[in-house]
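Each of the two complexes below includes chain A, the first together with chain B, the second together with chain C.
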Partner chain A sequence: MSKKGTTTFIIQRASAVLLMPLAAWLMFSLIVYVGAGYEAARGWIANWVNGLLFGAFIIIGAWHARIGMAEIITDYIHSWLKDILLFVNWLVALCAIVAVAWSVYNISFAG
Partner chain B sequence: MVQLTLPANSKVNKNGKHYPAKEGAEKVRTFRVYRYDPDQPDNPRVDSYEVDCSNVSMVLDGLIKIKNEIDPGLAFRRSCREGVCGSCAFNINGANTLACTKSLDDLGAGDITVYPLPHQPVVKDLVTDLSNFYKQHAYIEPFLQARDAEPETEWRQSPEDRAKLDGLYECILCACCSTSCPSYWWNGDEKDTNGEGEYLGPAALLQAYRWLADSRDQLTNDRLNKLEDEFKLYRCHTIMNCAQVCPKHLNPAKAIAEIKKMMVTRPPANTPKSVKAAAE
Partner chain C sequence: MTTRATSGRPLSPHLQIWRFTATMAASITHRGTGIILYGGTMLLAAWLFFLEFHPPTFSAITGFIKSPVGFIMLSGYIWALCFHLMNGLRHLYWDSGRGLAPKTATRTAWFVFIASFVLAAAALWAGVAARGAFNV
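The block that comes next holds the complex of A and B.
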């Protein structure tokens, strides 16, 4: 058992704090773009500031969600299944992060 | 895996006995009491007793009356009968509390159900095995520890520092809080191969904080180290059942939050990792 209880606790709280303004910003942007089409949305992310903030939202959100899910798994699953589920959970978060980082890089920066 | 259903031998059967009120009884109330006898092969049952409550004010008085006048075989712990020993904690009408301070008037007009504290092994009837609960209390080392040489007279403490222990020292270790805590149900005795993976529960953690908050105690950092893993402290998810049921009106959840604050704000050099790295 690792001694990382406090580190996890801090990351969970810090990511929650970061997510609050990011979520507000995203919500505001989505409302502005209600009804706009695919091209408009793509154009919005192509602006590097939006791309960066959107990427940050998904990456921080994915890690925050990973910790939350890991807490639930740790609470309820005590068998050999626990380590497998924790690994899958970690993998899902990592995939989300890689996918969004790659997309934002392509749309906002490389394109 | 979490136990969401009771083990087969713990399910309450329907063979409970009924003891009707004696003729001429006044203010009759029905006590529905959990019964389990380890010497019999039967599953637990719930007996119902119609009790003359004309001279009964607290639930414990009712139980004592049942034991004295109706069914001497009923087993339960009690001692002080005034809320200071912590012996008579049961699950009464669905909430953990002390039978000796719970008045019948507070329980409405219906039946009064009395079960043992939840999720603990039952020794007999309302008596639970609290060995693990006490072991967790021992783990937090509930006594003053200092590195300085012992003073000639006493360890001095200012009235202000003493006041910081109010709301902590009053705990009577009744176990109402820990056995009402879902996190404690799921992980209160969990062990992995390293002997870890056990949530200490609100009662032990309230006492841990009682010594962390004591100005005379000098082992703060070691005490925090003993709580640093993913289970002992951090399984508390601030569900607050503990604070809701505590019959002494203490707030273990708040004490736990204070410990987490101490964990987060202590200098990185004091954490187990850095201490270990420095030693290597």
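The block that comes next holds the complex of A and C.
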């Protein structure tokens, strides 16, 4: 983990900038579609523009969230638990990224 | 604490030592909303995953989101997104070396708090209105 501070700092800021327009689009769309039924939600993501934007938000967001959570973990946890939590944190973000990339590919591009 | 002594690294100040100021409240809220967004974004990932791979679970999730508790959780996520986004802009402004004077930082902290509620309310209103318009 050492000597990666500057890269992490830059990735956190760059992802923040990318997430801003995506979040503005998402907060509106979520309210419309997240409580919607199967067909409506499927139709929404089946449009590849929506699939791509949704996927980009989750993928970039998951990595941004991982960096933020790692910062909280290293601030407050100083025992052997720290490395386990950092690993779990990394694994959760990775799972979300893989699951979403796979789902968007299937719904928006392969369907 | 023994690990702290051995590693020799400074400990981050804990929440209870701070006197209330708007800047301190915004800082803590930034972390709090970050944690809310972490959980909510993982749920969104699950929402999409089940939309593709397990429709019955998807329907169960949708049913929950439509319930009053679900709507409150969705509204909370939207507000957290608004706050974190706008306070994030404040952070980026600081990174450029500006806006750090106590008076300015206090004023922008209050602005972010108020604007986050206004923006969240506007997004909720527009979204709910659009549900009818789009027939969803």
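Here are a few things to note about the model shown:
Note that in this section the second predicted complex is superposed on the first by the 103 of 111 C-alpha atoms of A that agree within 3 Å, B and C clash if a C-alpha of one lies under 4 Å from a C-alpha of the other, contacts with A are read in each partner's own complex, and residues count from 1 in each chain.
Quick note on the criterion: a residue touches a chain if its C-beta (ideal position, glycine included) is under 8 Å from a C-beta of that chain, and two chains touch if they have at least 3 such contacts.
Since the structure is predicted, the reported quantities are computational estimates derived from the model, not experimental observations.
Once both complexes are superposed on chain A, the partners chain B and chain C clash. Legend: residue contacts after superposition of the two complexes on their common chain; A:110 is shown touching neither chain B nor chain C. In the overlay built on the shared chain, the residue A:6 is in contact with chain B alone; chain C does not reach it.
In the overlay built on the shared chain, the residue A:75 is in contact with chain B and with chain C. Once chain A of one complex is fitted onto chain A of the other, the partner contacts of A:49 are absent, as it touches neither chain B nor chain C. Once the two complexes are laid over each other on the shared chain, residue contacts for A:16 go to chain C alone; chain B is not touched. Looking at the superposition, the partner that touches the larger set of chain A residues, chain B or chain C, turns out to be C. Using the contact criterion defined above for the overlaid structures, shared-chain residue A:30 touches chain C, although it does not reach chain B. In the superposition on the C-alpha atoms of chain A, the part of chain A touched by chain B in one complex and by chain C in the other spans residues 75-76, 78-79. Interface residues of chain A facing chain B in the complex, by the touch rule stated above, are 1-6, 8-10, 71, 74-79, 81.
Within the complex, the chain C residues that touch chain A are 1, 3-4, 7, 11-12, 31, 34-35, 37-38, 41-42, 44-49, 51-53, 55, 58-59, 62, 65-66, 70-71, 74, 77-78, 81-82, 85, 88-89, 91-92, 95, 120, 123-124, 126-128, 130-131, 134, 136. Looking at the complex, you find that chain A touches chain C at residues 13, 16-17, 19-20, 23-24, 26-38, 40-42, 45, 54, 58, 61-62, 65, 68-69, 72, 75-76, 78-80, 92, 96, 99-100, 102-104, 106-107. Touching chain A in their complex are the following residues of chain B: 1-2, 183, 186-187, 190, 192, 194, 196-197, 228-235, 237, 260, 263-264, 271-273.
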